[in-house]
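Shared chain: subunit A. Partners: subunit B in the first complex, subunit C in the second.
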Partner chain A sequence: MYSIFVIALNTFKEAIRNRILYVILLFAILIIISGGIMGDLSVSAPEDLIRSIGLFGINFFSIMIAVFIGIGLVYNEIDKKTIYTIVSKPIDRTHFILGKYFGLLLTIYANVIIMTLFFLMAIHYYSVVDQQTMNDYFMHLASQKGSYTQADIYMYYVKALLGAIPKGAGSFFGHDPTEATKNIMTVISMNCFELAIIVAFAILFSSFSTPILSAFMTIMTFLVGRGNEDIIRYVWKLQDKIQASGGADMTLHFKAALAQVIALIAPNLSIFYKVSDAIYEDKAPIYGSEILYGVIYPAAVLTLACLIFSRRNFK
Partner chain B sequence: MAPVIEIRNLSKIYVQNFIDVEHGRLKIRLKNRRTAALQDLTLDVEEGEIFGLLGPNGAGKTTTIKILMGIHFATRGTAKIMGHPLGHKPTKAKIGFLPENPYFYDYLTGREFLHYYGQLYGMERSLRRKRTEELLELTGIAYAADVPLKGYSKGMLQRAGLAQALLNDPKIVFLDEPQSGLDPLGRKEVRDLILLLRDQGKTVFFSSHILSDAELICDRVAIVHKGKLSSIGRLNELLSARIKEYEVTVAGISSETVEQFESQATRNVAAGEEHLFVFEGEQAAQALVRKCLAENGRLISLAPRKETLEEFFVDQVRPSGEETKAKNI
Partner chain C sequence: MPGKSPTSRRRSIRGSARLGGLIFGVALLAALLGTSAWIQERYQLTRERVSLEKGFRIGNLPSGEFGKVITFGYDTITAHLLWLRSIQVFGGIYRSSREYAPVLHLFDVITTLEPRMVYAYDFGSMVMGEDSNDTEAALKLLDKGMYANPRRYYRIPFLALFQCAFNDDQYKKAKFYQRMAAKCVDAPDWIEGMGIYLDEKMGLYQIAFEKWCKDWFDSVDSGDELMSDMRRKRARISLERWTLAGINEKIEQFKLDNGRGLHHLRELETAGYLKDYEYISWGRLTQMADLAMQSGESLSGNFAQIIQACTVRGVLPDWVDDPEHGFDLNPDTGEAMKLSVIRQVMGGRLSVMRRELARYLEEHGAYPPRIADVPELVKEDGELKYDEPFSGQWTYDPDTGLLRSDRFPDL
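Let's look at the complex of A and B:
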């Protein structure tokens, strides 16, 4: 157990000393906080746009980190032969895989936390610099003082920005009077299970193939996983067709069976990405069965990765 | 006493699939390629000795060490370290390993690297700190302890590799080509280090293709060639039985005698009245000495010249000599 922890920590160190991480994080933050600027342009419900862009950004860039950092983690150790001295140490190969997994997950969750903090601050900031709120404020100010200057407007923005920082941090720790940011936290937490699954796949693929191939397979898994429910609907449609045609067409049977197998093996990821819950629900629900799924599925993938890794020769 | 390393019929066949990923590239061949890298290697290493596994490039030295370290799995055969089969974790805690041309984590400094490995050995923080500093000092990279390994030269990496191999104060140290990549001074330092380890009672199992280095320190050697053991034994046993040639230098002998022995000698050199003859056989050398004394000449020197490990080695691995040479086990 201790060796898993040690390897995880070193993997974390490796990741945070990788420049790519910061490039991705910078982009992520820019996108996440850009929601309000675009919100100005949209006609209706700017806060919905801020939310969906933010949630999308956090999700998308976390997946990017999983793919671009995860795929090389195991491969590089084999390619550069650092694995030789690791394997000769009194640890199991399984510990190595698990250490890599948790190290990468730790990296990604740390990034999710940073992105979420920026996101929450952005939400608070935009809610204060909202057109309606500002109009009301300055009408009030004008009626009190008679007039206001450009400097007052700048001051307003600065205060909004400074106020957003503690408010955002407060929301993160659950000190928020409104359900709105609590919902966001719930949705992001549920999304962490999706990341746990994707990272498991990145490690699995990385344990036996090259980075480019792993990246491709990880992204494919993500896409198929997100579209899993569509595949199931497609199977239903095929079954209807088969029934209608009397079941004579064998290619339809084949297609249905293939789609069924894919839907069964691939993870179902859309259950962990409920942006609409954060926007339209009064209180975003926490799904117990999905949490269970989000724990068991990556465990199964990691078991497979460990089995492959324990048996392989290193070049 | 039981040997600390027992290798029995160890064999390794590398199979490269007809479709394979090599150096990050997809490679397609007509059929699977099989390389018999190691064939029926059997040998024992005793506690406390310096054992050299010698052989030309591609002989199977690295393969042997990789199997012992659990990096590759043997195709056939078994091996035990300190009486336990390979992969036994408590045994692994008591060994050290330096891979061939080591390469380590770019992003760690020398000190961080040793701490990380110390943690993998499960060493306590205080012990880890003590050993790290000692070994940075011993291997001569203390000055670069806080430089990321990215900035290390080949020789410095080799030293960092040695340091990590000794971190746990191992009972047995496996060193794969410990002297490659080092300058003559560095090679001498490694030699001295290996002798120091032996003095501390450790067993050293190392591979090398640099024979002159091996000759100076090994208690016993095994010579492998094309995956097979070609001879094994104490260095003095392997070489002393084989006095290569006799050099006799004489002066003041008759020209008939010179002529007579010229035909028997493999080489001869004349300088003024001194004559140097090199004979393969002992008889001819003795005959010349007797003749010289009988003729009242002067015997200047008589030197039996032993075969060097290098000559022995060349003899062993020469293609024609392969089948005729009996295994010297």
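Let's look at the complex of A and C:
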């Protein structure tokens, strides 16, 4: 177990030195912050737009990080021959894969935490610099002081920015939830399960393939995972057709069975993306079965990765 | 002057070479960028000038169902971005061209991608119903919203109610949406009041009266004075409308039987047309309510008994001569009309005529001998423009210029 921890820690240290990580993180933060500007363009419910864009940004960019860093993790070790120094030591190959997996997961979760903090701060900031709130504040100020200056307006923005930092951190730990921050931590938590699956696939593909091919396959897996419910609907459609045709068409049977197998084997990632519920429901629903699925599925993928990697010949 | 050492000379040559290299690099960059810009410009000239508006056809958007598949779970963000686009589309392109079908398609796509975006139904139905005058299209969008969010957001069926009642005068349909809105979990109390309003609009005055009355009794029982007062007034208005509608029905019957209109409202009583006519005595109703309140009895619990006890049969209502709430025959139409309305019309006519008389006095130094001598008050055929409309006569004094109606001398 200790070896897994050491490999994970080293993977984390190695990953955070990767420049791609910072580029993606910067883009993510820009997108999250831009939600406020986009919200201003909306005639109604700008807060919905801010949350929608922010949660999309966190989800999408954390997946990008998982793909672009995960795909090279194992391959680079083999390519640079550094794998020899590891496998020659009394370290199980399974531990190596698990260490890489948890190290990358740690990196991604650290990024998710940073993005979430920025997002929560942005929400608090935009709720204070909202036109109505500002009007009320300056009307009150004018009634007290007689007038207000441009400096007062600048100070207001500075105060809003400084006030958003502790508020954002507080919301992160579930303190004083507001209408704007409700459900956000739930969505982020569920997002982490989706990331656990994507990272597991990235490690799996990286264990036997080149980075480009791994990236392609991981992205494809993500798309299939997100479209899993459409495959299920396709199965239903085929089943209806079979029923309508009296069950005579064997091609339809084959297609339905194949689609059913794909739907069952492919990850169902849409169950972890609860942005819509977060925005429009008072409480985004979470089911125990979803959490169980989010734990079991990456475990299965990692098992496969370990099986492949432990049989791999590095000569 | 001592000569430069070979080392410094080499440095100087290297420095010059580096500077030269930099200049060459910058020049090469500028040349390459300039050439590519020139190629781009030539390319633009060969392109057909197609405006962005023309290029981006909202109607070309795939269906919402297809959109749901191709967005790979990012349907909410796509819906939000299209929502932003919809405002631009409405404000910029389609408002000027009055091309609304693509706008409806856009809202259909948005609400399929995110069926819980209530404001998309709100804005979409407003665009279709108000701006495009296409109530059917607005209702189609709102029906979709109701189906996708059953009993969830009262606003969607309420908007449908609004479209039907205020844009299309379809009160029966509006009543259906009102019932749907009332069943929603977030329905405010006033939605019930909208139901009564629609009942009245459909001519169901008795239902409206009984609902207001029930609400009034409920608020009396719960000690809500403000609501009690408001509902009591509404109940009275509904009762007056209901009574008037009942009387007009009898007048119609009289006309059919006798081939002529009434000379006076009391003729209904004397001719026996009110034998089976029932009305609720407002005086008795308020008296009973006051008594029940004083004794601490529940009003709503005795609703049916109270209404029964206040029902009077066979005569004209006891408030028929009340100047504010009573009513009388309008000889122009032969129908019963509220006295307050009659007084209002009369007051308006008197004010116009008095103004013309005052102007005549200013011009001629004396009032005209007859009203008909004021040209502004006479039609081309010599008749007076403004008759005393309700079976009365104008009384006019040429010495003082005093003009009155003998029916309403107080005006």
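Quick note on the criterion: the second predicted complex is superposed on the first by the 306 of 315 C-alpha atoms of A that agree within 3 Å, B and C clash if a C-alpha of one lies under 4 Å from a C-alpha of the other, contacts with A are read in each partner's own complex, and residues count from 1 in each chain.
One rule holds in what follows: contacts are C-beta pairs under 8 Å (C-beta built on N, C-alpha and C of every residue); 3 or more make two chains touch, one makes a residue touch a chain.
Owing to the predicted nature of the structure, the values given are computational and were not obtained by experimental measurement.
Between subunit B and subunit C, the partner in contact with more residues of subunit A is B. Contacts of A:239 after superposition on the shared chain: neither subunit B nor subunit C is touched.
Look at A:269: by the touch rule set out above, it reaches subunit C but stays clear of subunit B. Of the two partner chains, subunit B is the only one touched by A:89; subunit C is not. Of the two partner chains placed by superposition, A:34 touches none, neither subunit B nor subunit C.
Using the contact criterion defined above for the overlaid structures, shared-chain residue A:6 touches subunit B, although it does not reach subunit C.
Residue ranges of subunit C in contact with subunit A, taken from their complex: 68-69, 72-77, 80, 83-84, 87, 114, 116-117, 119, 122-123.
Against subunit A, the residues of subunit B that register as touching in their complex are 21-22, 24, 66, 69-73, 89-90, 92-93, 95, 97, 99, 102-105, 107-108, 116-117, 119-122, 161, 164, 174. Within the complex, the subunit A residues that touch subunit B are 2-3, 6-7, 10, 13-14, 17-18, 79-92, 209-213, 311, 313-315. Of all residues in subunit A, those touching subunit C in their complex are 38, 41-45, 48-49, 52-53, 56, 60, 222-223, 226-227, 230, 269-270, 273, 275-276, 279-280.
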